[in-house]
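Next come two complexes, and both contain chain A; in the first it sits with chain B, in the second with chain C.
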Partner chain A sequence: MAQATSPPDAAPGEDARARRHSTDAAGLGRVRAALFTAPALALIAVFLVFPALWVLYLGLTTYRLTGADAAEPQFVGLDNFVEALWDPAFWDSTWLTVEFVLGSAVVGQVGLGFTIAWLLRDRRGPLKRLVEGLVILAWILPSAVVSFLWVALLDRDSGTLNALLGIPGFPWLLDHPMLSIVVFNTWRGTAFSMMLYGAALGNVPPSHLESARLAGATGWQQLRDVVFPHIKGHVLTNLLLISLWTFNDFTPFMLTAGGPDGRSEVLAVHVYKVAVQSGELGYGAALSTIILLINLVVAVFYLRLLRSKR
Partner chain B sequence: MASRKRSIGVIAVVAATGLGLSACGQSSGGAGGGAVELTITQNAIAGGKNAVSAEHIANWVIPTFEAAQKAKGKDVKVKFIPSGVDDEQYKTKLSLDLKSGKGADVIDIDGIWAGEFAQAGYIKPLAEVVGAEADTWEGWSQIPDAVQGLATYDGKKYALPIGTDGRVLYFNKTLFQKAGLPADWQPKSWQEILDAGAKLKSSGVPVPIQINAGTAMGEATTMQGVLPLLAGAGAEIQKDGKWTGAGQALKDVLGLYQKIYGGSGLGDPRLQQEAKGRDKSFQQFAQGRIGILMEGDYFWRGVVNPKDGVARMPDRDQNVGYALIPAMEPGKGIRGQDFVSMSGGALRTVNPNSKHPKEAFELLAFTLSADALKQETKGGNVRVTPRGDVNKEILAGEPLLTFISEKVLPLTAYRPPVAIYPQVSVALQEATAAVAGGTPPDQAAADYQKKLEGIVGGAGNIAS
Partner chain C sequence: MIRFVLGRIGFYALVAVVLAFFTLPLLWLVTAPFTADPTYEVRVPLPGGGRGDGGTAAFTWDNFRAVLEHPYALPSLYNSVLLSAGTAALVVLLAALAAYALSRVRLPGRDALLYVLLLLSSIITGTAAIVPLFQLAVELDLIDSRLGLVLILTGGLLPAAIFMLKDFMDSTPKSYEESARVFGASPLQIVRHVVVPLVRPGLATIAVWAVANVWGNFLMPYLLLSDVEKQPAAVITYTLYTEGGQANLRLLSTFGLLYSVPVVLMYLFVSKKYGFRFHGGIKR
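What follows is the complex of A and B.
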């Protein structure tokens, strides 16, 4: 998150500054510098690198939560990976996750976040504070509270939405599970994009917009030719972050538990069901590794895009 | 400025290291001082799930046990660790506790988990953990063999049984009266259940029949749905080491599901898909929206109990009827029976990781002493306890539990206590989910067969 709030444009400036100084900017010397970073590196090794390697290893075994394979897991090589890639349930989940990311993150959060930020860019006063306050509130409330509210909103028998619309008994979470979690996640996460674009739009020099207006550019043309070139770095960084967050988001579980019959079982939920509920830890670890690889591909894709736009 | 920044960074790193270390330190904290500290856990919580058990432990077991130990000159402190979640989640939590060498000293588990827990080494034979006193416990002589079998795996006793139960058909007498059905209803075949459902439907009951289906209800689908029906179709899920595949019996069962959920309006297929469907079925029965419901005696004791159920019915004793689950047709059930049921039962055992196994076993045995069980079942909280001596006294005034004990237990069946059963159970749930979702029974049965072959290691282990 720290990287997200600092505008990406700052990076090249820092590079240049670093090149002007000697490589040992802090003047610590190699040994002391190593000593200072050692605790942090040790923590990273213990809590990040080791678990990651352990997951890689577990993915090659039949390790289970209970039963004989919990005591003595068998080494099965790549069997788990092959099984996952042949399992239609895995591909269904992958496809649902893509829908979830495209729908709620790329279209929902980015679209809504940018729209709010754009509409509020020149406003001051209570309306702006109210809108921003509400949007941010949705973001900072604890997941458990928020999911309970949404279950109460969408419930089939006594849900608030059905009462408002006058259609008692309409099963939103059963008939439209994906739509429900996409709308939910859009509502939940828009704040981040709104704030990021709010800050980015502040960076667009007013003089450029002014000249565009004087030249007779329409609102859309201003957006496309003046604003967008200034904020495309922000857009890509934002997309990268929220795509990865949404890809690994577990909150849909609290609304639909992956149901009905797996129709909202995104990959994070799929792994939970396989590894923790059914106890197939080995297979679950293999799935996690595959998810990690997908995340890497997404990240590399965005980062390349970011670099090529410079 | 630069040096201040640096020192802040150093502090942050040191603080983070400290956090990491203190987090590690916390988990190794154990009992200190001279007192023996014991913990006991159940999937029970005051004011929520199995509230009666939770209150019994907190208000009676702990003070009485501590006092008895004090009288013997021992300083023992007992703490109850409550839990109020779905059984599947409780199982996950327990497995993770036991796997990491932790967990309460005395733990409750479902009898059906004994096999997989034992294979994983999470629980050990009591004689190994505790010593000879486990085998010489005074209670064993009072416990029937079938119930002792729940606690036995590979010929060794891994736990003490807490009790047993049975499944019946519950029905709402008020709705039955409106539909012109008798208050002492006892169907003799599946068709009679469907006929009653049709009458209920035409008298305006929203959900005439609720027989659990789908994966969201977990084991409740298997135990209160598929298995009693399968027994009624003449098949056990595992017999002589062979599993039941997609034979006629399973097709009959799935066919019944289709008659209920496949558009006849006799059941609510959507309820089977909801994340909290089973809890909702409880509420709907209590609200008089469900006519017939297949459940265990837990439903009577813990759900519609007028005093402290999770979906209370003040008029339970007058308004809730119960009947034996019929075989598909008379004589078609397992062992040629006319009526069938399924039983399970919970177990209580000593955690092999316990630092004080002897004291833990004393506590465990104390909770299942005749006195403790009588105390636990006082005031309308009667259940079928494992002990014959206690049951004789307490069941007398309780109609349903007398019914379970006298009529249901003699014809009941148990699930196979083997480690892969839970996976087979999930495959059965998926088959019912498919049928409730519109898949033809034959197709669902064929899919089940394929999954089963993967689980049990090939078609050779499936009865043809």
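What follows is the complex of A and C.
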């Protein structure tokens, strides 16, 4: 029961002291609460907020890794942004990123994660532990290792996949680079959604499901009318987190390096190529700012949906 | 009855597909390190195998010997342990304090702040901020400093950790804290003796999550540590990959296995002892 345990929102006209007592159970008070949060906020301010603001500034300059602009970058205002918006490579990259997020996070990880959680919801014992263990393994192994495992799996001449399908020589990473990184990222990240939905399904009161079943609801109707309303909040929070994570994920670089011909160059890889490989730090920072804005739009979209459910 | 049987068949078929999908890529990691002269092909290492018959290869320990002889392989694992343990400890401590305060006391703008930080962290920890982070590290004299790297990694992980822990704390009952308070316990005592035991599975989950994150992080140590003796396993794996322009599959597969085992052991230990889950999930 998600709602029952969380503190009720401030009801107008309610006695303020009683409300404080109900939320601040340990008698922390605002001063101690601020002290508790201060160390975390300090680190975040120095190593997260400051670099973010610095990116905003760099995006307005011609800063480069080498040459005259490395020593004395020129302030050029919004030129970098205009350049990006006129650059077809930027739009290709944006479109690929949308495909990557929709395919691997929204469809792949959420779909598969929910399916596994739903299949195993009433189960205990070795089968559940085995499935969950393997899914989590894919999630916790170092990305340097898993990306190489997938290079081996998809290898055209001696990879396991081609051996199983009986099509030796089929170049997955060259012919279907987007499909490869979408399936890879689904494999890599399903664990988070699976665990989250596992916990969420535990919150659905069994009596509600029972009465739906007695009333003759099919499995699909139970999902839609009983389960989904209970876990809607979880679904949206989960979508928000994994969309942002996937949007900024750099791991595809280790599989395809953005290629061939930029056909799997998602924005995170595009920024790396522009900023680090070509040394155009100012332009790269402007791209980062645009990514930040897109992420902001995505986040606001989800948060609006979340609010509208209440 | 027929529906029941079909349902069972469907269930096991689906589970089998899921199991195959998640097992297949891992096969290479558990076979290649034990085979003489490994290729990308998955072959079962057998003593006396690999004589022309498909699917098997000669079993050997030589690859492990080669990794042991590599000057930076084992030290890099030690560096990874230092970095991830330090970061995880700091993340859990600071995130727990902040999440508890945010969960129990209504600070103005709390939710907006959390979402903004979460948003920033997911972007800034990626490639976007490598330039300013590098400049910052130079200014603060944190290049080649493990402590500096730990602080930077902690800053990046904290927002998501606070976000996840706060939901965990929201879903724990407050009645214990209230009764402890009636008996005169101070807030810090309440946190240590009442709250921490209640949310221990959450703390364990965040610790595992933080360790796994740092353990696999390549970009930040690559950027901020130039001393090869301080570099963690992620960076060393990359150097094996590019050694001489071609991947050294013997070293790469074996080192990959050694590099993976600690996180797997840690996960098994934590999930056995505390349970690895999102208690009550993430709400709102």
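Assume the second predicted complex is superposed on the first by the 269 of 310 C-alpha atoms of A that agree within 3 Å, B and C clash if a C-alpha of one lies under 4 Å from a C-alpha of the other, contacts with A are read in each partner's own complex, and residues count from 1 in each chain.
FYI, a residue touches a chain if its C-beta (ideal position, glycine included) is under 8 Å from a C-beta of that chain, and two chains touch if they have at least 3 such contacts.
Because the structure is a prediction, the values reported are computed rather than measured.
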Query raised in the report: So which one touches more of the residues on chain A, chain B or chain C?
Result: C
Requested in this report: Could you look at A:D261 and tell me whether it touches chain B, chain C, both or neither (first, second, both, neither)?
Outcome: first
Query raised in the report: Should A:F250 be classified as contacting the first partner (chain B), the second (chain C), both, or neither?
Result: second
Report task. Kindly classify A:Q277 by the partners it touches after superposition: chain B alone (first), chain C alone (second), both, or neither? Result -> first
Query raised in the report: What is the contact status of A:F36 with respect to chain B (first) and chain C (second): first, second, both, or neither?
Result: both
Query raised in the report: Is A:A68 touching the first partner chain B, the second partner chain C, both, or neither of them?
Result: first
Report task. Applying the touch criterion given at the start, work out whether A:A84 contacts chain B, chain C, both or neither, answering first, second, both or neither. Result -> neither
Report task. Considering only the touch criterion stated at the top, classify A:V76 as touching first (chain B), second (chain C), both, or neither. Result -> neither
Report task. Have a look at where A:F47 lands relative to chain B and chain C in the superposition and call it first, second, both or neither. Result -> both
Query raised in the report: Does chain B (first) or chain C (second) touch A:H234, or do both, or does neither?
Result: second
Report task. Could you list which residues of chain A make contact with chain B in one structure and with chain C in the other? Result -> 26, 36-37, 39-40, 43, 46-47, 157, 276
**Report entry** List of chain A residues in touch with chain C within their complex
**Finding:** 2, 5-7, 10, 20, 22-30, 32-34, 36-37, 39-41, 43-44, 46-52, 54-55, 58, 63, 112, 115-116, 119, 127, 130-131, 134-146, 148-153, 155, 157-161, 163-164, 187, 195-200, 203, 231, 233-234, 237-238, 241, 244-245, 247-250, 268-269, 271-272, 275-276, 281, 284-285, 288, 291-292, 295-296, 299, 303, 306
Query raised in the report: In the complex formed with chain B, which residues of chain A make contact?
Result: 26, 36-37, 39-40, 42-43, 46-47, 64-71, 156-157, 171, 173-174, 256-257, 259-261, 276-279
Report summary line: Per the touch rule, the chain C residues reaching chain A in their complex are 11, 14-15, 18-19, 21-29, 32, 39-42, 94-95, 97-98, 100-102, 104-107, 115, 117-133, 135-136, 151-152, 154-156, 158-160, 162, 170-175, 177-178, 180-181, 187, 190-191, 194-195, 208, 212, 215-216, 218-219, 233-234, 237-238, 241, 247, 252, 256, 259-260, 263-264, 267, 276-284
Query raised in the report: Given the complex with chain A, which residues does chain B contribute to the contact?
Result: 2, 6, 9-10, 13-14, 16-17, 20, 88, 92, 95-96, 99, 113, 115-117, 119-122, 214-216, 270, 273-275, 280, 419-420, 423, 426, 433-434, 437
